[in-house]
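Structures given as structure tokens follow.
In the two complexes that follow, chain A is the common piece, with chain B as its partner first and chain C second.
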Partner chain A sequence: MRLPFSALLGLSLTGLFLFIAIFARWIAPYPIDLAVGGVWEGPSAKYWLGTDTIGRDILSRLIYGGQVTIFVALASSILAFSLGSFLGFLAAVKGGLVDQLLSRMVDLVMAIPSLIVALVMLSVLPLNLTVLILVIGVLDSTRVFRLSRAVAVDIAVMDYVEAAKLRGEGQSWVIFREILPNALSPLVAEFGLRFIFAVLFISTLSFLGLGIQPPLTDWGGMVKENKDGLIYGKAAALMPAAAIAALAISVNLVADWVLTRTSSLKGGRGG
Partner chain B sequence: MHPVLVLVVQRIALGLLLLLAVSAVIFLGVEALPGDTAQAILGQQATPEALANLREKLGLNDPAITRYFRWLGGVLTGDLGTALTNGADIATSIGQRLGNTLFLAGCAAAISVPLAIILGLIAARYAGRWPDKLISGVTLTTISLPEFVAAYFVIYLLTQVFPVFQPVAMVFPGMSFWAKLQAVALPVIVLVVVVLAHMMRMTRAAILNVMQSAYIETAELKGLSPMTVIWRHAFPNAIAPVVAVVMLNMAYLVVGVVVVEVVFSYNALGQYLVDHVSKRDLPVVQAVGLIFAAVYITLNMLADVIGIISNPRLRHPK
Partner chain C sequence: MADNTLLEIRGLVIQATSYPPGEPPKEVTLVHGVDLTLQRGRVLGLIGESGAGKSTIGLSAMAYGRGGVRLTGGTITLNGREIRLASPAALRSLRGREVTYVSQSAAASFNPAKRLMEQVIETSIAHGVMTRPEAEARAVLLFRKLGLPNPETFGNRYPHQVSGGQLQRAMTAMALCPKPDLVIFDEPTTALDVTTQIDVLAAIKEAIRDTQVAALYITHDLAVVAQVADEIMVLRHGRMVELGETAQIIKEPRQDYTRALVSVRSLEHAEKPPAPPVLRIEGLTARYRGTHFDVLKRVSVELPKGQTLAVVGESGSGKSTLARAITGLLPPSSGRITFDGRELSPDLAGRSKDDLREIQMIYQMADTAMNPRQTVGTIIGRPLEFYFGLKGAARDRRVQELLDEIEMGKGFADRYPAELSGGQKQRVCIARALAAKPKLIICDEVTSALDPLVADGILKLLLNLQAIEHVAYLFITHDLATVRAIADKIAVMYKGQVVRYGQKSDVLAPPFDDYTDLLLSSVPEMEVGWLEQVIAHRKMESAGN
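Our next item is the complex of A and B:
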């Protein structure tokens, strides 16, 4: 099977971002929090992308910031997936009151924009990495819940699920051994989209000053730090903005490809 | 009673119920989270006596449910309480800023709605050919960006590369309407960019959906020109889904406006909300959060109601 160009581009860029995030310590030319040059210097051989609002190397901060952005996004989308798909499968298998209760709760949370819910929650919770991951993960799990419930409702009426129940298998066997393997392919494509959502969400929160706090930084926070430079024509704020855009678009390309692959698989095992 | 009316009334009742539930989530949900309002006001160094006094004064010793109904009663009578940080009346502060937010969002809506529909029509007319691919490609890119990223690219482009605009938006009382329009031009452009992509893609999908009907094929076989087919046959039938799309995206505008106001330091409701989240001023956050939630729910409800009314199949009871 041939890989389309867009998928190849998306995969290699996503891989590159992951590689840089994992090995940030060894790749970044300067420390994260050290003023090494003048304020808002342009790109040069010494500072490839120039320096920021207090003279720190932008490239190094981008590398460390990417680590935080990707880590938070990954952790919260994994949380969203474990929570959302487990509850979604549970609702589909149990049905009745459990299903009603869970579904109405999800409807309620989804009736308000996620950003507004997050802002209300963050006005009381302490601002640290764990809280941010929990807030984004829980809010995002509502979408995973709807998808996995819809997928699982279709699977739950299949003969092999019926057979497993008649064999006397327990609830957890039915969820993990019968439904999960068969629901995996649509969920994998969705994972990419949820990851992008988490990247955009954490970036927006940090940009509003309610996400990652110094001395740590992420791309949204870097845009915030450097935004005033734009008035004087300094493009420093555009670098992290471009990084967010590049990450979101490349993951999108991969997710698109997985989505078309899995939907063409629906008919059988071929393709 | 007419069945359409029954459906509409049901939908509105459901919306009101949802709003009530959301108010409970905003108030009681926050209560359930760890955190102490009295501590938040007085800071970490406060003595236990001072904390106890303040709790007494704010009525924090009552059970949460009592305070919820007291708060809800206040909201319904227009009394939103006072801000913890400066003791200002929240309703007055919101009143001063609500107009600015509505002005910004209204301008953005007035431009983006017709533009999105025209672009959606063009994309649907040339589906699969280059105008469609160009429009869809550009909108796919803007959808993948958070609002503030799109905002800074537009700002850089329009203030530095092509210096047409001022990068700050100041609106103050007493400004003429024309001056206000000029001041919000850049934020409005940013908001339009943000909303346009979603709205245009959904319009395109709605029209393409209608285009697959049998009566469109008949119209084409009669030999009508493609634009006439779209304008006379597809568009009237696509109005209901398109209006629903527009309403949903107005709701999306509600979130976009919060971020765009912060980008431009535009003194309005979104900026007010974000400021008070970082100051941990809970009463303000709850009041503004409830307003945003109410607008969002109302717009969604309106989209459904228009969908019900404009559906010809529901108009003639069997």
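Our next item is the complex of A and C:
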């Protein structure tokens, strides 16, 4: 099977990001929080991407920051998908009151902009990675709920699901063995997109100061630290911003490719 | 009379690109060098099973190929012009003018937002054949010829305001309106109920005769095409099997395949003697939630052990609802279901695992009845695991036994449903039902989505299995030929009620009630002139009344 160029590019870039994140400790040339050079030095042979507001190597911080960003985004997306798709399938299979209750609760959460909900929750709750992951995961799960319910409603009316019910199968067999395998491809594509949203969300929160706390760092936090340099023509803030954009685009390319291969959601083979 | 030739197809080759899942796309040849000649005013029936290429050949008469289908070789001469390689502009002036098309599902082909008249006269006006008043006058004339109610005002209605049979006739009017030389009828009556089919068929036949138009009539039902066509061409796998006058094809087919098609409805089954019932339904009344209308009204029937009760009726008569009530999917509002001496709980949740195991169901569409992500082994193996706790090698052995029983042999357990043919899929569904060792299997239109020869095989298999396993069938169908082939008892349903019920020999013997008479006399018989006889008979009767 031939991969389209965009998918190949997306896959290799995403792979590169993951590789760097996993082996950050061995790849990064300098420690994360050590001031090794002058303030806002430009790119040089010594500091490939220059130094930041207090003289730390930007490349090293990008590498460590990427680790945190990707880890938190991945963990919260996985949480969002486990929670959202389970409840979505349950609502589709059970129907009636369960469906109404879950759907209206989700509507309620979605009616309020998630950034505001997150800001309120994070300013009340203690600031650590676990809380951050939980908040993002729960908020994102509402979107996953919507999608998985819609996909599952289509599958739940199939005769094979009815046959399973007539056989006397329990709820978990119907959900995990009959519906899940058939809902997987649209959900996998959606996972890529939700992952990007999580990356952007964390970056936003960190930029506002409620995300990742020092001494750890992430890309959004790095933009915040270096944003004042923009006034003086220092490009330090652009490096993490570019990293966020590059990750978002490459994962998006992969998700697009998965989506065009999905026959059930779009009713065809795609492009 | 060479100048009388309307359409001449020589050595037609049609190819398409197929996309098997997980494999590179490949070229397949759908039609291998078919020749065909059609004189003006004649009707040629194209008959064959699905995949025979009959629709593809039919559409090639207007040099059209459905998505991905290409006419790659041969010549198509219409009115003396070669059209296979004609320019798009030339084709545009020909389609909808010289050649028109009537599709299988009129309901899906009409624009729901426009009045019928607009759509019926659209092509005539677009091609400049006639002015709007002329076209409207012709449409009214055609409505009258096709026996549509209130022909003057019929065109003012929207598609959803008329019945399926009327819509199919409106589509025929649409096709005839621009005075074409050739009309392609693509299974125009297949989606209709048997009692509606006969009216539409008669209307189409009369319209063809009156307008002297030539037609290609595509169908899988030999008995239907025998009523309409002058000549019949039998197709199989994109090749011609036999071509002949209608009477010759029906009476003395020359090829084995045609003989098989002609004799397909002759399967007979001797009625079994009365026996104690395994299923007794008393006064069953049911309605769907949120409605105020009983879909089942006091239905009472009995099904003897190891025998077959056929439930017959047209769509909307409540026969599938009866199945849902028996399985517990739709709890009835009143009435009792007694199964094997015990009363069944009305809803699914109240039934024991044995209750569930002993009533199994086989669906019309085998495609949607099997999870596409499970292998045949898993599909058949799951009931074994679930009801009998069979695991590992013991389960695999039993799966293989069941596969042998449905005559499918080795190597199928690892396949996915998408890798099976239509008949094989239905066999796997039968095996899944049998795996539970049921006492009753509900068969909901299990053969209506299948080609006649394949359906025949499935019916034979079901009869064999009944003899071996002593399982009872509740056989829901709208096809009376199937009923003759398989039933011991028959219940005729109409508008949610059982209007006639008894042993097969009693139900199928006169005197009939009005509805059963209508139903029985509407089943096309493999005989030239049958349609005229029935219509004449009905006219006489209504005149007598």
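Rule of thumb we're sticking to: the second predicted complex is superposed on the first by the 262 of 271 C-alpha atoms of A that agree within 3 Å, B and C clash if a C-alpha of one lies under 4 Å from a C-alpha of the other, contacts with A are read in each partner's own complex, and residues count from 1 in each chain.
Note that a residue touches a chain if its C-beta (ideal position, glycine included) is under 8 Å from a C-beta of that chain, and two chains touch if they have at least 3 such contacts.
Every value quoted in this text rests on a predicted model; they were computed, and no experiment measured them.
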| request: Judging by the criteria at the top, classify the pair chain B and chain C on chain A as clash or fit. | output: fit
| said: By the touch definition at the top of the document, which applies to A:169: first (chain B), second (chain C), both, or neither? | reply: second
| task | Look at A:181 in the shared chain and tell me whether it touches chain B only, chain C only, both, or neither; answer first, second, both or neither. | result | second
| note | Rounded in steps of 10, the angle in degrees at the Cα centre of chain A between chain B and chain C is 90
| Does chain B (first) or chain C (second) touch A:113, or do both, or does neither? | first
| request: Please indicate which partner A:62 is in contact with in the superposed arrangement: first for chain B, second for chain C, both, or neither. | output: neither
| query | Does chain B (first) or chain C (second) touch A:158, or do both, or does neither? | reply | second
| field | Touched chain A residues, chain B compared with chain C | value | B
| request: For A:72, decide between first (touching chain B), second (touching chain C), both and neither. | output: neither
| Shortest C-alpha to C-alpha distance from chain B to chain C once the two structures are superposed, in angstrom? | 10
| query | Once the complexes are superposed, what residues of chain A are shared between the chain B interface and the chain C interface? | reply | none
| task | In the complex, go through chain C and note every residue touching chain A. | result | 19, 22, 24, 327-329, 348, 351, 353, 356-357, 359-361, 363, 365, 368-374, 382-383, 386, 432, 436
| task | Please name which positions on chain A make contact with chain C in the complex. | result | 1, 158-160, 162-163, 165-169, 177-178, 181-182, 269
| said: List the residues on chain A that touch chain B in their complex, please. | reply: 108-109, 111-113, 115-116, 119-125, 196, 200, 203-204, 207-210, 220, 223, 227, 230-231, 233, 235, 237-238, 241, 244-245, 248-249, 252
| Along chain B, where are the residues that touch chain A in the complex? | 18, 21-22, 25-26, 29-30, 33-35, 40, 140-141, 144-149, 152-153, 155-156, 159-160, 167-168, 251, 254-255, 258-259, 262-263, 273-274, 276-278, 280-282, 285-286, 289, 292-293, 296-297, 300
